[in-house]
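In what follows, subunit A forms one complex with subunit B and a second complex with subunit C.
Presenting the complex of A and B:
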């Protein structure tokens, strides 16, 4: 039993790392524009389909689809930004409706182009086991986790060390005060969307490399990313990382100890429980107390 | 330097600023006073770009500023502080100034930032978190520091002394006087305390119900019957 729980914790950690990558894009855009991009999961989904297309049409390693996925996800991100920035009234609510609609359009486009069939990679080596003592994972899962951590670290560095990263944080902190500092908020918003697109593209290719994809996946990824972002406390990057791992671990433990049928349910229950106790999320409360 | 010509700001049916015309010369220090709701902060918002005037014209150093967005006005040399300090979360005090300098002045000069920090008595707090580790007077100083870091030629100070206890207020007033002498910039300051404004500003403008009702030396302005009426609740003619 102990070995099973240890394995669940390990699997939860690995999937949590990948969840973090998806949630960070959502959190970044929310930070700068105060909108929830409900089409974020579909950006990840289309990136995953780029990997599928590259493998099945061009017979190349799906990881080589990353540049193509990057272009596609960033293009969608810029289009979403362009449309959202045109909303002049009640942006918070109207952007929800708009991005929800974009998500539906992208999901249906995927359905028309690639059908509702489930797809997964058959590239050699991806599903080979990597054994670390008593812990087991697929090579692709471990690769995804490492790539996620590298990207999270890069994002952290960018936000804390680069001028544009600091500008993004300034706009997230207080848009008007940032403008008084000479920061062009529109530019930082575009940059945030593009960075979210980059994270989504890597996440998409990685999801195809580690599991199965189908058109409905986008909406569930958005929901998960949203839960993690709120659970973490809006605006907290370390919080997103912790929240993502927490959700990943809880889901993995649920699968091990009970059933995969209620895996999503326990994640949602944890989310509601945390919000009930800490309405500002795990790290939002700490920030406020500080 | 700054020229406002018949600036009017309306919010729906409410006229917050009504046909205000005034000019501020280079290195001039001007106080802007008036009862609550007189339109002082709205006028600051119109100058800094936070609100768009309904009518009128405004130029800064001969350039039309009304079409320029807020961030461009900051880059043009119009610095501003908010009544309630707005530090950037998760950035240190020094980083707040460096970001303001990088984007507002278009360059990075750490020596200049250190000099501003020292002038504002914030050197020992330079590496502290700006949002959570400063007292109110330090936050107010940071607000001024961020504006100074953008290399302004006109500084709009919105009730920068409000909420400070007497000793801090006196010390901050001294800093503001030195600021003008050291940086040789124009200052337009909103302040409620008449004694403070009289000590700081050789020239005072009074707004009431959005209209400019007096403009002159503190002695002239505060002995004007219309100004006295506006403060004692005489209301609008």
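Presenting the complex of A and C:
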């Protein structure tokens, strides 16, 4: 039983890392602009398809598709921002509807271009087992877990230490005051979206290299990312990692101790429980009243 | 003079299609399928076969023209019902298609209420035929798959099996049927249901490895599930496992081509070996038409789609000849079907099921698919014990 639980914790940890990678971009835009980008999963998915195209057409390692994925995801991010910025009234709600529609368009575009077939990398080495004592994983899972940690740290540093990161936080806190301080809110928000696009591109290549992609995947990626973002607490980047790992571990333990049939249910139950006890999420700051 | 001649030729050319089809009676055949959403892959594959079936029928029957009207149910039961109602309002004589027992159930109920024949090959759930609907027919039920899987395990002499199955309706039912069949053969069975959204199967396969210690893994799911399970098994390498067996969508040329590292020695249900060996004239015509239309080799979904369209088109023609088509006689005509098709014998019982349906088991061997069960249909020997890792 100990070996089973240890493997479960390890698998949950790695899954959590991949969940965090998917959620980071959504959390950034949600945390800084209060926009829930419901097309985020599709941005990740299109990046994954770029990896597929590069491997399938040019026979190159999917990791080398990252620059192409980055360009595509950032372009989509800028287009999404451009459309969202046209909304003049009730931006939080209307952007939700708009990005949901963009998500549907992107899903159907993927379906038309690449058909409904499933795809995954066949490059050698990605699925090779890595054995650490009693713990087993694929080489790609471990690699992308490390990438996820690095990106969380980099994003946290960027938001707290860089000029643009501070500008993003300033615009998020008080748009007019930020403007008076010489910050261009539009440019800052574009930067937020572009950074979200960069994160989505890495997540997409990771998903293609470790799992299976198909056009309908985007919506479920958005759902998972949204749950983790809310669980973490709005605006908390380290919270995304903690929330993602928590969900990953709880799901994996559910499989080992009971049944995989209810692992999604357990993840959702945990989500609701945390929100019941901590309405602002695990690391969310309490909203100022009055 | 030249211009008059030119005008006459132009007029004749304009009228020619009308003249050729003027005598042909046109029948609208509805197709309700998941062309988008989670079941898009299987829905599109089935539609390809249906289209080929209709095209071949029209070619052979110039006096009857069947026109296909397709509506995407978006992999949703509610939209499938709406699609059936819309097709009924458009005047279709029957509906073919459907994928997934949970979608086919309400869709075929709606068709039955509208008095329209509903023909499918995409739902194996027993409850579909247990309803005893007059207008519901399917070419393949769960029993054909259970017999094939359990039969293969019996021939291998398997004493213990871990069944890893998706919690979707049809897969759960099939998994339970296989478990029942294996327990009746005194085999030890461990059940591992999984949520259809999961991607990491290592915790499940680790239970197979450390707790069950089974001789075989039975996978009842879909393509993405198989890839996840096989990858997890390749990482954990459960030492006691001698065979990995799945059902539909697994022993296909596409899986052999897309996942050459995962597929060696894996078993799955397959009507044909690969490269496809169509021996009959009908089979060759189907394969040629399919390749011409879609520029690829036909797969099992295309075969099933073709057969369901073929049965319906033939029945429409017969009912029309008897003058019973407009009086609700199509269901009786479908029930009279006795055909040797690309998927084997087809005849329907009073509930619309095809009790003659019998699946075969194929094994991936060196990029090919070899039929290994039943012995009388085998195109080669099975590699056993043998696993993909």
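Please note the rule applied: the second predicted complex is superposed on the first by the 284 of 290 C-alpha atoms of A that agree within 3 Å, B and C clash if a C-alpha of one lies under 4 Å from a C-alpha of the other, contacts with A are read in each partner's own complex, and residues count from 1 in each chain.
Operating definition for what follows: a contact is a pair of C-beta atoms (placed from the backbone, for glycine too) under 8 Å apart; a residue touches a chain by one contact, two chains touch by 3 or more.
All values derive from a computational prediction rather than experimental measurement.
Taken together in the superposed arrangement on subunit A, subunit B and subunit C fit without clashing. Touch criterion met: A:138 reaches subunit C, while subunit B stays clear of it. Using the contact criterion defined above for the overlaid structures, shared-chain residue A:127 touches subunit C, although it does not reach subunit B. By the document's definition of touching, of the two partners only subunit B reaches A:174; subunit C does not. When the two complexes are overlaid, the chain among subunit B and subunit C that reaches more residues of subunit A is C.
In the superposed model, A:90 makes contact with neither subunit B nor subunit C. Legend: residue contacts after superposition of the two complexes on their common chain; A:162 is shown touching neither subunit B nor subunit C. In the superposition on chain A, A:214 contacts subunit C only, with no contact to subunit B.
For the pair subunit B and subunit C, the least inter-chain C-alpha distance in the overlaid model is 36 Å. Per the touch definition, subunit A reaches subunit B in the complex via residues 163, 166-167, 169-170, 172-174, 176-185, 235, 287, 290.
Those residues of subunit C whose C-beta lies close enough to touch subunit A in the complex are 35-38, 40-41, 43-44, 75, 167, 192-195, 197-200, 202-204, 206-207, 210-211, 223-224, 227-228, 231, 234-237, 254, 258-261. Put simply, subunit A touches subunit C in their complex at residues 3-4, 7-8, 11, 14-15, 107-108, 111, 115-120, 122, 124, 127, 129, 136-138, 211-212, 214-216, 220, 251-252, 255-256, 259-265.
On subunit B, the positions that touch subunit A within their shared complex are 48-50, 69-71, 74-75, 79-80, 82, 86-91, 95, 99-100, 102-106, 129, 131-132, 146-147, 149-150.
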